[in-house]
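First chain written, first letter: the chains are A, B and C, and each begins at residue 1.
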């Protein structure tokens, strides 16, 4: 019974999430006790579904951009031509991760104005770091004798990268992407403080009008999205890792 | 001998050239809210000093560009960073009309790009020096002392950032202590609870998966939502538990922020305790048991000391994360540097945002460097450290 | 034929390989022996240009190996390393197909070659082809590693401590398999090891290296009988030198006329095995038979003891 229980729970969460996004009114009686003075229990200043989709869209755009840039940079600094940048890029990643997401977001506003743009920039910059760090780890810890064997078999630098190093680093790069996506999903809510259209709008509306029902529904939607995406990416990672007989990098 | 270029130097010199020549050095605004007017280095500084800065920048960029000795590169970056720090203050004084208390001067993109370029050079040099943990903390202390000296000397008093500070000097220190209390207090709480919980999870198999799963889910709840969600139960506690309100428990304010940070902190502490204890070599444990140590003696004498560096790594993650997250507390009236950030965003006053963001980043950065040094010292001679 | 001429490799001021010259005859097994840091692996890796020599030349069948681009050169030379170095993300069949697919063989030819090699190494192609390396035992992984090195039918096979990670019983088996395959394909094998026992067992010729220099390059009997210096003598191991010498010769060459009592020994066994059997069973002599069971004569303790003495 242990085997199917987690899957069943996930399907329940997914079903609930979809149901809530499509017809939130059904859940009104559940949330009503959390409101005071007859305030609305379901967010009424826009469609939850479209906010959720925009939230995901923002995270997706930022993450894809972060993946492309982070993996390319990691490849660059692990090639002989870029190896001079390797120690510095390690320190930069360490330093970069100490920047709070709020600060990145707030500092992006004066550069590009309010709206979706500063959020995209903050998510992109903040998402870069875990992916870059993991890609770097993956590419620099490929077993030496495997790379040696690839060279010995007569693979050129490109062939080694594409056929051996990248496939071998895939699970750990995926782990970085997973981390990055989960952070971005949560950070995107803060984007609503600079007027980005995300689920943060619901939460902030709740905070401003002292409406706990709003706060709760906004928070739970994001959490459910994060849990489901986290699980899906973990499964993908395990699939990639299992083929290599590695233990998943959880 | 042929001239050889340093690859990183090419990047640094390019950024520096753009920052010095194309991008504005400072921004002048007639008052706090209106749009700024860009000023180049030569416009922003008195004649001699503008030319001097350009000369220094040119020389330093050349040092970066060519393959030069490490000491020279470090010296060049320190000289440039110091000059930039001093001269942005001079620009403030130079651009502000005499007796005008409304005019605002702030550093513009060119200044920040130059800072970025030469911080890169400095960081690269320091990385290559491979300083000892103590050395790194010493460099941090010197940098902090230099910044303090500049602040105390009043060199930056004509800059908009400092004017924002002067207007809020009292509340700044209040929010600062609130911020640190939130970040450190929740960390202490998380360690007090998370450490025993982690040890328990290590010993009791069935507990481990459950606890870690729940804590994992807590981490996925966006911070502003978690802060908000806690308002209700804490409000209820304040209203219904005798004495709770007296010790400061309230629906909004510090209490929900504190609890939220505490909840976020639990996962890294518990998970790293479990990982650290699991990484203790089997042989060491077997030997301890073979010599007749009790469970408690084994925990104190063998397992805990060996797992310590990994647990410290968890504490580092928590502290840096908490310093960042504490900014969110401002949204629910919890105070902290976030107050300035969100006020600034609301008023589109960039310098106010900086007043909140810069100390937050500096705190997190300092905490990371200090704890990294402590971890490295704790891990010295302990091969299990890489289990992190 | 592989001609190594005055090859030197320096890292900074240190000469890892110092002016080494040697000629390796085709279709032979040459074993390079030395302690770690002796430069033996570097010398091997200069043959397929994984390491570029600082000076000197290496010619393969008369062609300077620097005239061929590195990757192309390496595709024509087999290379097997310690711990097999199999690609963990590829199946056994894909691993073996590495060089053939780099060379652009068509799919049918690759498949036929993979199946042939798997069968040759006693691995059922249907059962093993689709497995991943981590699903194999250590000995199986090692065999796939050698099969991969031989996939594109190279004339030359370089092996760097190929049996280093195997336990003694599997190692002996792997050594026998290697000799059988070498006889079958006539591949020129150059093998690096730190184990003199292995060198004596496998090598047609042995090259002993120390601190980057080639100390002695000779047939095994010569190395055992006349070590060039104290280092080689230590490596050979003075205490069991006579037994190593006996292990080089077959019983066939030690047969004396006459008869003896008790169980017989085959003429293909080593003289060392024969002596061991005689001492263990407390006999002075034992009969020798060929592989069809015909009596050839006998071997005696006295005769073998004389053969174990230092050659004049």
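Criterion: contacts are C-beta pairs under 8 Å (C-beta built on N, C-alpha and C of every residue); 3 or more make two chains touch, one makes a residue touch a chain.
Quick caveat: nothing in here was measured; it's all calculated off a predicted structure.
Taken as a contact graph, with one node per protein chain and an edge wherever two chains touch, the assembly forms an open path, each chain linked only to its neighbours along a line. When every chain is represented by the mean of its C-alpha atoms, the one lying closest to the mean of all protein C-alpha atoms is A.
With respect to chain B, maximal separation of chain centres occurs for C (centres as means of Cα atoms). Measuring from the averaged C-alpha position of chain A to that of chain B gives a distance of 22 Å.
If you average the CA atoms of chain A and of chain C, the two centres end up 53 Å from each other. Per-chain CA centroids place chain B at a distance of 59 Å from chain C. On the side of chain C, the complex with chain A involves touching residues 48, 50, 70-76, 79, 81-89, 98-99, 102, 132-135, 145, 148, 158. Of all residues in chain A, those touching chain C in their complex are 143, 145-146, 148-156, 159, 163-164, 167-168, 170, 243-246. The touching residues of chain B, when paired with chain A in their complex, are 6-8, 109, 120, 123-124, 126-128, 216-217, 219-226, 228-229, 231-232, 320, 323-325, 327-328, 331-332, 338, 341-342, 344-345, 348, 350, 353-354, 356-357, 360-361, 364-365, 367-368, 372. By the touch criterion given at the top, residues 34, 82, 84-85, 87-88, 90-92, 94-95, 97-103, 106-107, 109-111, 182, 185-187, 189-190, 193-194, 199-200, 203-204, 206-207, 212, 215-216, 218-220, 222-223, 226-227, 230 of chain A touch chain B in their complex.
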